[in-house]
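Heads up, the next two complexes both have chain A, just with different partners, chain B and then chain C.
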Partner chain A sequence: MRTLLRNHIGRAVLSLVLVMIVGVLFNAEGTFFRWDTHRDMLRQVSVYGILAAASTIVIVTGGIDLSVGSLLGLSAVLFSLFSIHWGWGPVQSIAATLLIGVVCGMISGGVIGRFKIQPFIATLAMMVFARGVAKLVSGGQKISSAVQTADGSYSYVSVPEIFDSIGTRIWNDNIAVVTLLMIAVLFAAWIFLSQTVAGRELYAIGGNEEAAKYSGVSIPKNILLAYSISGLFCAVAGIAQAAQEMQGDPEAGASYELSAIAMVVIGGTSLRGGIGGIHLTILGILIIGYLEKILSINAVGEETRLMLTGIIILAAVVFQKKGH
Partner chain B sequence: MNYRLLSIILMTIIIVASVFPQAPAYTIGMSQCNLGEPWRVQMNADIKKAAEAHPEIRMVFKDAQNDNLRQSAHIDEFVRSGVNLIIVSPKEAAPMTKPISDAYRKGIPVIVLDRRVVGNDYTCFIGADNKKIGKAAGKWIAKLLGGKGKIVELKGLMTSTPGQDRNSGFREGIKGSSCEILFDADMKWLEPNARKEMESALSRFTQIDLVYAHNDPGAHGAYLAAKAAGREHTIKFVGIDGLPQEGQMYVKQGILSASFEYPTGGREAIETALQILNGKKVSREITLPSKVFTKENIDKGGEALPE
Partner chain C sequence: MSYINFEQVTKRFGGTTALDSVSFSINEGECHAVMGENGAGKSTLGKILAGIHRLDGGSISVGGVKTKYQSARDARIAGIGMVHQELALCPDLSVAENLFLGNPPRRWGLFVDKNKMFAEANTLLQEIAPEIDVHRTMRSLSVAQRQLIQISSAIGTGANILIFDEPTSSLAETESQRLFSIIADLKRRGVTIIYVSHRMPEVFHLADRISVLRDGRFIGTMTGSEATEDSLVQMMIGRSLQSDTDRREEVDTGNTVLEIDSLSSPGLFQSVTLNVKAGEIVGVVGLVGAGRSELANAIFGLDPKSTGKIMISGKEISSLSVRKRMRAGLAYLPEDRSVQGLALDLNCRQNISITIPEKIRRWIFLNRTVESSIVNKFISILGIKTPSSENPVSNLSGGNQQKIVLAKWLAREAKVYILDEPTRGIDIGAKMSIHNIIRKTAADGAAILLISSELPEILSLSNRIYVMRNGALVGETKGSTATQGSLLRMMSGL
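Moving on, here comes the complex of A and B:
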């Protein structure tokens, strides 16, 4: 088991090194060697990384959460609505948004654990539903500092300070606050999955649900917990997204679930459940993040980017598969 | 059926009838290809606002959610429910031509908004010209930069006609000046992508004079990237669309130097619809005039672009 795990890490690290070599070769007149480039890459992957942490927790149980992108959008809208339009303080706005994220996750987890609905279907329903709620509460428009009055004209309010505090960089401009948020979420997820009893039980469920059940693991309770944590992380990602955009976009996060799942799988966590973890997801986040950054600094055309990304995802996964 | 149920139904009919004392004379069906873009939400809002001024019109809105087949089903539903006129903003020309043509041949007037269909089976087309707007933006930018400068172009989806036209029009507009496109990338109309691409441009090039983005959210994303790098004062930003809550607001806040309006045509669609319904003749093609919003003219409601 231990050697197998080491193998997984080894393979993911090797994939990352290969991507980095591409960066060194195509460094766009030395752009790749500057710290800004790496700092910006880390900012750019932050919300995806938070969603990937959420997905990892669900995927080790053998499930999948398709609603992460929609929950991000809903949270971004609600956080902006509470704090910009309703004038709530930062603490209330954040707390309410996180709470709603957890509740959405609990609904998915409850349905999956209690009624034995397939995670794919249950979270697909949540994905569509949450997007609908986001569009409803925002009226289909971005929630920004432009407030529509009754007669259809717009008045302008200022965006609360909390947006800037999360959207900015600290430590001498060297790291984005959202990157630190991602690191904190990844750390919390790692502690939960690898150091707590509940975390180990999620692996047990993903490895063999029947066996876990007979050894006394409560399936519904643990599944509920996994999806609730996923919902919580999505809300964190939504707040981070809104803070960076200075607005809540009801379309935010569309198709982000695919990137999050890709990061988890490229790291080497198995979609069948039971195998993998946050340490692998971190490598997956860096692989995708660097890949996108290298294509971007070289101003590679969209068509080529899509094809290259597809090929590299496939190659990385095939490469991972060899470890089994 | 028992009497209680019958009486409830009768009561409901009486109540509904008394709430609407006068049935509107005309029903207009509006088929929108998707409501995921703020610009299209604005189009519906403009139509709704214009229609509310005319109590004789009842509007029915349908959203095709970016699906050709769903949109053609919506057109069929309008035909079957006997609407007096159809306004349609098609998702794509080829798949939407037949359902629109069928409705038109059954005698229902059809106003096509923004995107075209193939052939002649419609009453009137209303739309703006992206290429013209792109060209006007190019000329305006060349003048702003004094004829030379380094430009980053953040393109919309280059597989869409608006993206292609805003790109080719712009390149035509700056032709003859010494403006140079330093870096261009496809941001697929999305603000987070624009920010990401701009970060790359910023770390690669030390001198950037202006960012031309194919829509205002793109220009705003680029601004946020430049601001994070502390370079927002040395770079100018120009966008397209000019919605009140986006482009116009950014111009007012001094974020964008200019936003070029891409009019929705919502108000014009209702005006034209009324003319058609009242038996007046309308021209087959209405090209909407565009405006440019700058800090100087924003409070006066923008300035019309020269033809």
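Moving on, here comes the complex of A and C:
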């Protein structure tokens, strides 16, 4: 038990087990034991989970990305605009949306790496800016099958199939496609952070930027890479969000960055950088996902749910800290 | 009379036992030196007495009463003060605010009584450091001045036991002398002084008795008069020292590997021209501010404002990035291991392999097998004491941390090594072993540019020595004929 508690992963696993025990005890007449409960939980955390993967990469460098929620909103709007209103094919729409996500990430990363602007400030600016762009291109309206014509009346177009293919469940309704997307993104992020030379350099930068510089690690290049990948993942999340809602909402993703950061931190990745990883973030995603699910199947009201979630986030982080 | 009694004192940090059943006693009013290599546990012992660390086993009694300090403040109230190597506190607050941090004089229990605070701060400093203006910020003071403030504040609040932790490690000679006279004065006033250090001359000068720790264990106590340098070294490292004073002749066979031609950086150094041959160790000496580390930074590509020519084996590298210079064969061990050398939270493996992406790369992926084998090879070659390569370097002693920095550069098998203060702040055993590694690296054909403030180190290692003063190279001499005196004269321009 003591060795289990000595490392981050042990503590995160233990937190998850505790949450699961609560689920078993308060199983809402067996609801907790049904697969569809778990399937829905996984679907509900998917978009957040993708953003958490993006945030993990940035947080490992000792930075923070506040723009993930706004980039999700912008991507959702653009993807809907390209595919519903402009009638682009799914491949073009997805490719263009991902590209714009990467470009937004590159702008943040470029500013942070090159001009040494604090990540908090640079991504705060991107957060506000991207939300503005989302509202500009959408005219403040949700981009959906209803298209406003010149005289102000609405005509209806059909929503392309790609929305349904992403928003649906497969394998006999047993898993949501967006959940598979999250798993794919988490896997890619894990490979990147733990199995590549570039990922290793991000840890070195987070551990001690000065020492990394003195070891020949290019800070601007690596920071650019980290925020670009974050932007790419945000675009994936935006597409998933739009597909589930069958529309692009310019307000989508507001305050999601905070949930994503909470998932990363609960897992045990250090906000100081250098320590942590995707394996911990996966546990953080499950801890928050199950917590919310258990409260909701027990019909705990939203007010209480928010309050309890706040308390539990704090408790989990204090618990993670104690081992230091 | 024994005044402070350590009984079976034990302290662990994670898996490392820093102190293992240490028992000895300190008399009232004496100056008691605690010596040992880095990692021997001497600072830990001081910090436990000062309430900063808690005991894991054993007990400490002061004046016959068992201590139960929960914090440094408890110890302070009980009359125990500690003077740290480098005081952090709040660098942007004034001296007075720092002195009364936590309990400033109040007006109506709510507001800070600034006038009273500055007045009281002045009184505190009156005795020991009257020249310091209490309105200045901590940041604007020198390390020596900050130490004086710590001493004043401890004495002013009634401390009768003062612990000094390596107080002279960043002081100039004159500042050290002043500190010694203050310590002598405190002793006359009956203050019990615990002096943690590994510097022999000052210990001989100050201490009534000397206790030695090694690897967390108590080895013995001697009186200052019976201790000799040899006997202390033997106690500290558990064996006697081989002579480390062999001189090196000039190497004239090797090819010139590092060539620098009129390298300048505005405000830092001007038109430095030097060369280092294969197999040669070339020392660079100079006073603080002479521009030695700045020169090293520029050679490595970390000074974008520098101009001039740098060549390695005839290939010009002046306009290349750091990583490309590394590929051309350059390695640079920077001056400050905790700031520029290591990521302390990361483990030994991550710290060592960061310089060798080319070797551990399989396309964009890490080849972990190769990585581990290289890392473990250098951990064993350098005799780094760590339970495994996965241990965070923050758990290692200073000497072992320095060896990790050395390992990360040796792993590159470079042609040219710039070593800036390779043995700063480490104990004598680790220092000897690093000296041997440097000699061996040169013998294997590397060119070494050695920057050091310790003239004995320069003299025992260098084939040739360059002297820098105020940003310029002012002299070059053979290692075999140079003396401390001749170097000092050139360094200071006498």
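The definition used in the following text is that the second predicted complex is superposed on the first by the 318 of 324 C-alpha atoms of A that agree within 3 Å, B and C clash if a C-alpha of one lies under 4 Å from a C-alpha of the other, contacts with A are read in each partner's own complex, and residues count from 1 in each chain.
Heads up, the rule we're going with is that a residue touches a chain if its C-beta (ideal position, glycine included) is under 8 Å from a C-beta of that chain, and two chains touch if they have at least 3 such contacts.
Every value quoted in this text rests on a predicted model; they were computed, and no experiment measured them.
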item: Fit or clash - chain C, chain B, common chain A; value: fit
item: Touched partner set for A:Gln148, first chain B, second chain C, both or neither; value: first
item: Partner chain in contact with A:Glu302 - chain B first, chain C second, else both or neither; value: first
item: Vertex chain A angle, Cα centres of chain C and chain B, expressed to the nearest 10 degrees; value: 130
item: Chain B versus chain C as contact partner of A:Gly274, first or second or both or neither; value: second
item: Larger contact residue set on chain A - chain B or chain C; value: B
item: Partner chain(s) touched by A:Gly216 [first = chain B, second = chain C, both, neither]; value: second
item: Partner chain(s) touched by A:Asn208 [first = chain B, second = chain C, both, neither]; value: second
item: Chain B versus chain C as contact partner of A:Arg200, first or second or both or neither; value: second
item: Which of chain B and chain C A:Asp36 touches, first, second, both or neither; value: first
item: Superposed arrangement (fit on chain A Cα atoms) - minimum chain B/chain C Cα distance in Å; value: 32
item: Common ground on chain A, meaning residues reached by chain C in one complex and by chain B in the other; value: none
item: Parts of chain C lying in touch with chain A, wherever the complex brings them together; value: 300, 302, 321-323, 325-326, 332, 334, 339-346, 350, 353-355, 357, 360-361, 364-366, 408
item: Touching residues (chain side chain A, partner chain C) in the complex; value: 195-201, 203-204, 206-208, 210-218, 270, 272, 274-275
item: Chain A-touching residues of chain B, taken from the complex the two chains share; value: 35-36, 38, 41, 45, 49, 158, 183-186, 188, 191-192, 195-197, 199-200, 202-204, 221, 224, 228-230, 244-246, 248-249, 252-253
item: Partner chain B, residues of chain A touching it in the complex; value: 28-29, 31, 34, 36-37, 40, 43-44, 135, 139-142, 144-146, 148, 152-154, 156, 167-169, 173, 176, 241, 244-246, 249, 251-252, 292-293, 296-297, 299, 301-302
